[in-house]
Structures are given as C-alpha cells and as structure tokens.
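Two complexes come next, and they have one chain in common, chain A, joined by chain B in the first and chain C in the second.
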Partner chain A sequence: MSGSSKSTGGGLFAIGYSLLFFAFLFGPLIIMTITAFNSSSFPRITPWECFTTDWFGALIRDQRLMSGLSTSVGIGIGVVAISVPLGLAGALALSEVSPRLRTALYSVLIIPILVPGVVLGISTIVFWGSVGRLFGGDHGGIFYNGTFLTLAGQVTFIAAYAMLVFIARLQRFDPTLTEAALDLGATPGQAFRKILMPFLGPAIGSAAFMALLASFENYNTTVFTILSGNTFTTALASKVRLGTDPSLSALAVIIIAVTLIGAMINEAHNRRQELLRTGRASRSRLYTNPVTRWLTHPAGIGIILLGCAAALVYAGSEHDSRACRADLIEQKRAVQERLLQEQRQRIEEQKRLQQPSATTPPQPSNNPSPFGGAFSPGGLAPGAAPAPAPSTNPSPFGGAFNPSALAPEAAPAPTPVPSANPSPFGNAFNPGSLQPKP
Partner chain B sequence: MTSNKDVVLDHVSIRFGAYTAVDNAFLTIKGGEFFSFLGPSGCGKTTLLRCVSGFVDPTEGRVLIGGKDMRDVSPNKRPTALIFQNLALFPLMSVAENIAFPLEVRGVGRKERRKRADELLDMIALPGTGDKKVHELSGGQRQRVAIARALAVEPDILLLDEPLSALDLKLRQHMRTELRAIQQRVGLTFIYITHDQGEALTMSDRVAVMNTGVIEQVDAPEAVYNRPKTAFVASFVGENNALSGKIASAESGYAALETPAGLLHGVAAGGRHYKPGDACILFVRPERLMLARDNDSVNRIVGTLEKEEFEGNIRIAHVRIGNAMIRISRVNDGLSAPLAPGENVTLAFSPDNATVLPVSSMAEVDA
Partner chain C sequence: MKGRWQEFAGRHGLGVALFVGLGVGFWILFLIALPQIAMFDFSLRHNLPPSEIGGAKDVYTLSNYAAFFQSADGSANVLDMGVLFKTMLAAVFVTIIDVLICYPIAFILAHSARGVAARLMVIGLIVPFWVNEILRAFAFRVIFGATGVLNGIGMGMGLWDSPIDFIRADIALYSGLTYAYILLMIFPIYNAVEALDRNQIEAARDMGASWWRVHWRVVLPIAKPGIASGATMVFMLTAGALAAPQILGGPSNLWFTQVIYQWFNEAGDWQRGSAYAAILLLCCMLFVMLVMRVFKVDIGAIGR
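Moving on to the complex of A and B:
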C-alpha cells in the first residue's frame, strides 16, 4: 500500500467523506430530477406511481411562469448590454488613476455589491420615483415601469460584478503592449480595439455570462422593483408559496440539463485549447483521426449533446402515461372498494354473531360476497367439475376466486351444464360428473 | 548638415516631482549612427529613451528629430520605433500579424501586409515562421521578430531598450553582431540603452555614459575605456584599480599623486590642471599593470599576493597594499608561472596607462 495514505490513516475516511460530500451536494438535485418524472401530484419519489413527462407540459402551459420567463430574458439581455460596458469603463478608469485615488474609487464602486439586495430594491423604487415626480411623469411613465426599475436596480450591482471581472483581467495586462502599439503608429483608438479588446475578450464573455446569470436568478432586488409584474424568479417564488407540484422539478431538470450541456461544451473547448496551446495536438491520437477529432471538437460535442437532448424531448413528448394512470386510478378505486367490502363484511360478521342460528342462505350465482365466492362450496369441487360461470362477476378480484377459473381448460364438462345452475354445489354432486369419459 | 535621422537633445531635463531623472542632457546623435546610452539601472537612460519616443515630455529643453521640434508630436506620429525591454510582442497575434501590425494600422491591405511581413521574416532569417504564435518562438527569435516589427514602420530612428538583457550569454553575443549587421544594412540611427558595457562597447559608434541623470561622457568606445573623463566612467566601464590620494605635483599633462602605496604618476585626464593638495584618484586597469623585474619604472607598488584566480585566458592576481586591494590580470600565454599566495610582488605601470581624476562624482560606484 502507498505510504502516504497509511501514514495519514485517512484513505478510507477520505473516500467516505468524499462520498458523503457528493451525496450532500448532488442528492437534492438527483431526487428533484426523479420527482419530475413521477406522476404523483406532489413532488416525491415514494410511492412511485407512473413514469410521466406530463409535468414538462404543465410547466410550459403555466402562463404566469412563461411570461415571467420572457420578462426575465429581456431584462437579462438589457442588464448585460448595460452593465458590461459600464463595468469595463469603471475598470479602465480604475487602472488609469493614481493609486491613492484608485483605492478610494474602488471602495465606492464596490459598495453596491455589499449593500443587501432588499435595500437596493427599495432605494431604486424610491429614487426613480422621485426622479419621476421631478419630471412630472404620471404613474404610467417609465419611472414607474417594473421592467425599467428592475433593469436600473440590477445594473447598479451587476455592473460592479462585471467591473471586478475586468479588473482581475486588466491586472494581467502588460501596458507596454499599448505603448508598443502607439509607438508603431496606432492611434489610441486602434490600440484599444486591436490590442486591449482582444485581450479582454474572455473577460467580456465571462462578465456577460455572469451578468446574465446574476440578473436571471436575482430575487431580493427584483421582487421590489418589478412592482406588479413578474420575472421568472418572482413567479417561481409565488408558485412555491401557493403550493408546489412536480412541474418545478421539471423546470429543475431543464436547468440542470442546459447547465450540463454548457459545461461539457466548455470543458471540451478548454481541453482543445490546452492541446493546441501546448502543441500536443499533433501527437494526440484523438486529433490525428478525423472522426475522433470532429467528435472531440466543442461544436461536435455540442451537436451530439443537443441531438441527444432533442431525441429525449421528442421521446418524452410521445410518451403517454394515461393508460398507466388510468390503471392506477382503477387500482385505487379497487382498493377503496375492497376496504368498503371488508367493512361491510365485518358489520355482517358482527350481526351473525348476534344471531348464531341464522345460516347463510345459499348464494346466488351473482355472488355479492367480498370473498368472491371463495367460500362457495362450488369452489371445493374438483377441477373436472364445471362450475357455472357467471357472466358478470362484480367481485373486486376480477373473478380470480371464481371456481371456474380453476378448471383446466382441457377438461370440458362431460354433461351439458345448464347455463344457470341453481345448485349452490355447482353440480359437484351430480352423479354424471363421476362418469368416466366415454 | 542635418539629416532627418538626426536626434538632438537640446538641454533636456526630465523631472518627476522633486526627483530629477534626466539632468540637462545635451547631445547630438548623427543620422545612421549606432549610439548607446550606458549606465547603471536607475540612471535615467530609459526615461531619456521614452522621451525621444514620445511617452514622456521633457520638463525643460527640446527633443529635435530631423531638425523638427517633437513637442506636441504624439508617439504614433514620430519617426521612431521602440523595441521594449520585454519586446512587447502581441501575444494574441501570429508572428506575421505582429510584424504587419504597423502596416495594418496604416490601412495597408491584407495581401500587401503579408508580403511585407514575409520579406522582413526573410531579412531576419526566420522564413516560414509567419503563422506561428509568438510563444512558440525562442528568445532569440522573438528578439528578431521585435526588430522586424519595428523596421516594418520604416522608421528613421530605432530605439532599443535593453533588448538583449533577457537572453542567455551565448545568444546575447550572437545578437550583438546581428544587431550591428542589421543596423549597417538598413542604415538607420540606432539609439541603444544598456547597462552592459560589453554590449555598448562592441556595437556602438559612440557611447554616452550616464550616472544619476547626468551624462558624464560622450565618446567613442575606445576613448571611453582608455580616457575616462570622470571617476564614475573610469570605475563603471571595465575593471579598474583605484588608488586615492592627494596631488603632490602637476605639470605638462601629468600629475603625481601621494597615495598609501607611494608616489604614483598618471595622466591628468582631459588636460585638467590640478593644484597640489587636491583630492584625486589614480585609476590603472588590471591589464596595464605588470610584474616588475627591474627597478627603472616610475610607478612601483610593492604588496603581498593574497590569491590568484584562474579564468582560462587570463589569471587575476589580488595584491594587498596596505588596506587597498589591487587586481592585476596576466595573459595565460604559457610562459608565466602561477604565483604563490603570500609572495611579495612588485607591480609597475607606465604613467601613460594611469589616469588621475578628481574625487567628485565618485558616488554609488563599487570599483
């Protein structure tokens, strides 16, 4: 065994801890995913009822959630469009000013991140409300528009996030590159576009992505600034408050799937870049074979994953769980009925105990007994004895206890059986039945 | 006669607050000259270079290029190209894109740019590397790409800020001859900044030695080495032995100095007139000292050999004379035997090989 795990004694413990940790991280997600496919109207795994994809349909049919989604997407795009340039400008300004001023400015610009979102939300309403009054706008004006206010409120702190991303990237920028560009004849504008912007490219991408996510998932600020409207998050929150159903799990499944696909494409992209950067691509077997090279290309992986997702969505939309659920309802009804019958039986038992002399009258072939004729003497008849098969058996056991069910099909009744045999003994004592077959 | 490749520093001073980076620099760099600024780090040579390229404005004085005052001319409008210490190649561009960048910002078409880049790559002996990324090149190759990029602008003056300092010794020596060859081929004015005297002496037509913002001497490499004008130049450029003392007598270009090692004679540098009693330093280079065999030399120093270092082509003997240590280097010519430590030796040198300089401006030098 390796010395390190022995000396620390943590091998098993470390594995156990890791497993627990992963269970802690991913357990809720896994359970949530499973509940999305259970037909139970409350999100749960047990009892498992039917595999269903109906909750996805229910989710899409939810008008409030879907209009919230489109509002959220609109606001998200607006926030990205405003806060990324604002954050970039702030970061550039900070990198240009003197160090002392920079510290002061930095603290000021970072405040919106530290202030609680609730405070930002309320102050946004108050601020723009007074601006609206200043300009004499009425309550239908833009300063009382939920989308505008949410945009304004979210940009205040998301621009600061974006600025942090840009500052981190700018710290790694070599300012002599700009000087070199100027020296080689570039105008300041050209130096910015051709040297600084390409360098900031990845940061612009991550800032935009982060801004979109931050805007999309924001609740504290938005719940105030959206006023009477709804974003996806606020719609979701109010839905949970009113009582949840598995369509939320279905939403979670969609979000998880989108995230996973994005992460896998990103990982493929990173690995490819790494391979190309280190120059190992030419030596890698994956890259010399055209098929695997295409398969490991981010676009290839994206196409494959999206194709899989589309196939799953199609299969899911074709899946019909109505039969299963109808069965289930039938079963439930049966269980109810059985319970009802048992109760009736018990009541009758009690009655019988009170009147022991009273014998049970011979049962008609339409057997109302909850035991489905199990106590019917005919049930004791040997298999060869054809029992009258009642055409309509009301038994909840579906005729399972019907004596005729026990009759082997190979043994037809030797004597013509009257269609309605009045004997409770099912012709068991009929002498003809003992006759050997001619 | 002025060419448009002349650079004139007309009493240039550059100050940052109370700190003076460059103090009253006045010199003319002729067109087509390989001119070096040599000095220890922090002496203001880089500031001076940035002033010529336009990133720093002179606090006083003027910079003239081709006879034109460069004040209010921004860096991208000046006929200069600067090669940065870290080369400042654009990491996101290919080699060819780097070289063609100056053409790109001047609106030259893509095909023409590529053609010019390939020509320049041929010139720096890196044909076919145009599509490589910068980080795929070795240090020396990057160096040459930086030069090619600077030459793509067709500048009148090429400014080089310690471009060889990041290279290893062998490559540095190779690049010295290469740079010199390129300069002679393109016929541009090269202004070269370095703290490495070897670079300055081997490549330059003229060298300006700078110390704490002041240009101490402007001369051809030989003159800077053989006839230093200040104590700083004497001790900074090359190895030198310094013996301080007071002037005993001075006449007809020579001075006699009373030192702990005895009365020594040397050239009064730059025809200076010393008075008896002036505090001075006598400099004599290790290779100009000889082991004395006879007693007819004017300058004789007697000391004890501490140790002798063997450096292959030469031996360096460390001789203790009172509190001072004197170094003497001897060519390993196969005739001279090594000296034994503790041996008493007598050193001699001709007065023409020694320089007597005033003490001032001797600060911050480890001789």
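Moving on to the complex of A and C:
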C-alpha cells in the first residue's frame, strides 16, 4: 500500500467517508421532502398511500404560522438594521485598540455567542422589565412589548456574528490605502466613505444576510422575549410539539427549494466574477456565444430556475388526489369488513363447539402499537374469550379505534379462566376477575 | 488611550469615531452587561406579587439557589442536580461525536478535495443549515418516531417485531443535536487545518510515519485551536439547546433548559428561573474555561 493517498486522507477512504457524511447530512432532508407528498396524515414513507400536494395548501391556510411569518419579517429587518452597524463598530474598534485591550474587548463581545440563548432571553426581559418599572411605565409600554424585547435580545448575539464577518474582511484590508488617500488630501470622512466602505461592501451584504437568517431561525431567545406573541419559528415549534403533520414537511420542501435556487444563483455569480476577473471571459466559448452567455448569467439562471419552480407549483396545484384517497378509504373499509366477517364466523364456530376447557389463548398480536399491545382489544379480553382476529391495523392507537374492537362479539365471555393473558396489568383489569364466579 | 482615540478620529473622521464609540458602548452596556447583572440581581429576590415589589418584603435572598441544592423537605434536590449533570454529560458526549465526525471531513475539504468537488462540498455543507432548526429536529422525529421511517423499514424487513422507541431511548435527541451544530464544528477545524503546509505532511510521510502518526503529530497540533473553538461552540449550544429537547426528548428525560423554561412559563416563578439560568451559565462557562486550561487554548481562538 503506497502511503501517499492514505497518509494524507485522500483516495478511496476520503471519497467513501465524504459520501457517508453527506448521506447523513442530506438523508433527513430527503426523507422529509418525500413525506410531504404522501397523503398519510403522519409524515412517513411506508406505507405509501397517495401522491398528494394538499399539505402545501394546509400549510398556507395555517393562520398562526402566517401571522408569525409577518412578525418574523419585521423583526428580521429591524435586527439587520441594528446589528450590522453594531457589528461594524465592534470590528472597527477591535482593529484599532492595543493588543492587550483587544483580547479583553474581543472576549466581552464574543460572549453573547457562547451564552445559552435561554439565558440571553431571560436577562433581556428581566432587564428591560426593570427599566420599565424605573420609568413607572404600565405593562402596555414599550419595555413590555414582545417585538421590542425580541429585537433587543436577538441583536445582542447577532451583532457578534456580524462582527466576526467584518473582522475576517478587515484582516485583508491594507491600511496604507487610507493613509494614501489622507496624504492626497482627502478628509478622514471621505477616506472612510470612499476607501474603507467600498472595501467592506461584500462583507456588509453577507453580514446582513447572516443576520436575517439568524434572526429568522432563532428559537431559544425568542421564545422568552416574544412573551405572548409568536414569530414564525416559535409558531412552528409549538406546532411540532403539539403534533406532527406533513404540512411541516411541505414547509421544509419550500425552504429547501428556495435555498437551492439561491445557492445556484450565487454559484453562477461567483463563477462569472472569477471569469471576468481572470480575463478568461473573452477566450471562453461560453462567453462569446450570446445564447450560452445569457444562459450562464446569474439572472438567466435565476429566471430559468424560477420558471421551473413556477411550472412545478402550477402542476402541483392542479393535481387532485381525491380519487386515490377515496379508493384507499374504500380498500380499508373492505379489509375491516372482511376481518369482521372472519371474526363472526370464528365466534359462531366457538359457540357451536361450546367446550369450556378448550381455551384459546389470545393470539400474539402483530400490532405495531407503541403501547406494546396494552390497548389492544385482545389484551383486556379474558383468557377464555375468543381471540379477536389478529389485527393488522398499523394504527398508533393499537387498534383501539378499530370498529371490530367495539363489536359486541368481543365482549367478555361468561367463563373467565385466568391464564395465558399477556396483559401488562397482570389481569388486574381483567373484567372477568371482578365478576362472581358462576 | 486618548492618543489612540485622536489617531482613530484623525484617520476615519470624528463621525466614524463617535459612531464606533457609541455603538460599542451601547452594545456592551445595554445589551450585554446590564441585562446579565439584572438577571443575577433578579435571581436573588423573592417571587412577590407586583404590588409588593420595592416594599418591605423585597429583600435579597439565596432561597432560589438553595432550592436547586435542597428540596423543600430538606433532602438534597437530586432531581434538578441530576438533570443539570445529565445535560452537561450529554453535551460533552455530543461534542465528542461531532469532533470525531467533523475532523476527517474538514481535513478532506482542506487537503484532498479540489476544484468543483471542493466547491460542491462547501455548498453541500451550508445548504442543510439554511433549513430552520425546528424543521431539522422535525426531520429526526419523522425518522425515529414510533410509526416513523426507521421503524417502518425495520419492521417491513422483519429486523424487529414491535416498534423500537428511539425517542424514549434518547437516540433521536442525540442524533438531532449532533446534526444540528455540525457546521459550527467543521469550519473552525477547516480554517485551522487549511493553514497547514502540505510539505509538512509529505516530509513526515517520507520519514516513514504511518498515517495515524502523521495526523497525531503533524495535523492535530495545527488543528487544535480550531477543534477547541468548534468544541466550545458546540458544547455551549448543545447544553443551551431548547428546541431539540422539546421536540425530540423523551417524556421522562428533561434537559436543564426545559427546567428553566418550566419555571418561567408554567410555574410563573421568574426569580427561580433566573437563578437556574445563572446556574446553567456559570456551570457551562466554568466547564469551558477548565477544558481550555487543560488543553492550553486561549479564548481569542473562538470564532476564528
């Protein structure tokens, strides 16, 4: 084995590991995407029921999420407007102070990133609450306003994110440029506006984008500071906690699609910039041909991708899964009907034989219930009772809502024999054990 | 100090200097320092009705902190202390897993991947983290739920008969947390490893070092500040996570942030909640500083 590829981490191992890693990264997202199109009311892939786009409609009709969305957009814009200048101020201050002070200042400004979001949220509402009391304001004042508090709480740490972006950019700045401008007679303000600000331009863009994303995503701080209100993320979290529903998968599909389109346009933009900078553009075949030149332009790619997305959305909105769903319900009813019939027949047979000693222990249920079959109708039936047909119902309620479970035939039989009952309650809840022995 | 101020104002103008001074001052004073002090002060007070605040009964007390160590009947408060200990331990566990997963990929990204592959990898790393944290946790619930994808496949293939409760076993939670903060581990390690001169690796190899020895003696020392930075962020975020434990946590297993959340939003005792938040902050900070001391890393390395 030549150590060349192995010792540097190259070769097969690198490829295999990268593939595994990206499978872990994208697997959950892909699975979630698929569940958005299954008509099953719990997000899952198996069993596949019907292809549907109804969950997107359900998502848009969710009032709480949509009002949270508008709150989030407002807060996001506010956070960008405050945290980007603060981050810039922090980065500029750090670039000027003496090395010893620099370490101290950096530690203080970086702390909000490290402090748990929960702590930031609590300290924000407690602090501004006491400020409100100081001014004798009532509880309707600005210091008890969820939007204001969320803004204050989020800016605390998002400004630090913005600062990191600016620090990285400032490290590549050549201070002699400013010196040269000053020597040539520019005022300090002019030098700042014409030299440093244009240099920081791209960093302002990416800091603003990061701040918007971080504000939109934040949960830990916002859940405290928003008080009784809701942002998009807190509304989302309470929806997830209350119950899972594929409309959340639909939301993920939308976000992933937007992200991918954004990433592709950004990549096209970067490549074009690189081509133009290196001067290879005039030699590139892609660039001399007007059609391919337009096709590789970021705007061209954006238009094409958005067109595709719009076509898909239109096709999806036209799709009607009602026929398939009706079919499915019909099938389920047929299966239940058949099970009921089978059960009736078996009970008839049992009655005809009428042998008290011939007890049939309840058949092991292959019910995939999370309650371990505790709620399975067979679990509570006395041992001597005729076992209900093995339920093939994949319901999370363990077949408790199975119509056949309520059928009178499944009622306790007159001769209870405490025996092979697999009940987790050890027969304590066996209805037969309370009956006087005949 | 004054000289620097004048130098700064001379270079960028008085307006910029004022903006920087006021901005940083406002940020440190009103957003960082005073809120933390207010929270600490608040945690030392009794939970009084609004009419009695500022009155004769509004005195300092340590009862909120005492309640963390001792329950009402005088016995040790094993429950809350246990939850804090378990949270810290789980956060350490998740951090170690993240280091193990991310170190190879950061190294591959820095030294093996070239051109298009490297660009695709960077995009592939970032894109999943544009998806909302709540939805990422939700994805793991879809996978690990009782009627979820994993149970569906496993039972469909006949690997197990009854659904495995991944949520109660905390497997879903640990996977979700490991996934949630991967990016914050990869980029610091990548930034550190990228600075390594390839010739050093070649030299070590020419001297006959085996691959693990090259990593242990050449790459790891360079990667150490990156690993420390990433590990600090992942540990603090994991210990302070609230969304993932709420969504993926088992019914009987609480995260310490959930205890704080309950004191605030369900019990309505903000003072007790503040005290618990202060305890969480103190424990996490002390732990991080201790580990940094042990591994001889400076706090300035964080965020690079």
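Some observations on this one:
Here is the rule we go by: the second predicted complex is superposed on the first by the 324 of 438 C-alpha atoms of A that agree within 3 Å, B and C clash if a C-alpha of one lies under 4 Å from a C-alpha of the other, contacts with A are read in each partner's own complex, and residues count from 1 in each chain.
Simple rule for what comes next: a contact is a pair of C-beta atoms (placed from the backbone, for glycine too) under 8 Å apart; a residue touches a chain by one contact, two chains touch by 3 or more.
Only a predicted model underlies this, so the values are computations on that prediction, with no experimental measurement involved.
Aligning the two structures on chain A places chain B and chain C side by side, free of any clash. Once chain A of one complex is fitted onto chain A of the other, the partner contacts of A:P202 are absent, as it touches neither chain B nor chain C.
In the superposition on chain A, contact of A:T176 is made with chain B only, not with chain C. Looking at the superposed arrangement, the partner reaching more residues of chain A, out of chain B and chain C, is C.
In the superposition on chain A, A:G185 makes contact with chain B only, not with chain C. Contacts of A:S130 after superposition on the shared chain: chain C is touched, whereas chain B is not.
Of the two partner chains, chain C is the only one touched by A:I111; chain B is not.
By the touch criterion defined above, A:G141 lies against neither chain B nor chain C after alignment on the C-alpha atoms of chain A. Least inter-chain distance for chain B and chain C in the combined superposition, rounded to the nearest angstrom, is 9, based on C-alpha atoms. Common to the chain B and chain C interfaces on chain A are residues 182, 187. Contact residues of chain A toward chain B in the complex are 174, 176-177, 179-187, 190, 194-195, 198-199, 279. Those residues of chain A lying in contact with chain C across their complex are 3-4, 6-10, 14, 17-18, 21-22, 24-26, 28-29, 31-32, 35, 42-47, 85-86, 88-90, 92-93, 96-98, 103, 105-120, 122-124, 126-128, 130, 133, 152, 155-156, 159-160, 164, 178, 182, 187-189, 191-192, 196, 213, 216-217, 219-220, 223-224, 233, 236-237, 240-241, 244, 248-249, 251-252, 255-256, 259-260, 262-263, 267, 366, 368-370, 372-373, 394, 396.
Residue ranges on chain B touching chain A, taken from their complex, read 53-55, 74-76, 80-82, 84, 86, 88, 90, 92, 101-102, 104-106, 136, 149-150, 152-153.
Of all residues in chain C, only 4, 7-16, 19-24, 26-28, 31-32, 34-36, 38-39, 42, 53-54, 101, 104-105, 107-108, 111-113, 119, 121, 123-128, 130-143, 145-149, 151-153, 155-156, 161-163, 165, 179, 182, 198, 201, 204-205, 209-211, 214-215, 232-233, 236-237, 239-243, 246-247, 257, 260-261, 264, 270, 273-274, 277-278, 280-281, 284-285, 288, 298-300, 302-303 touch chain A in the complex they form.
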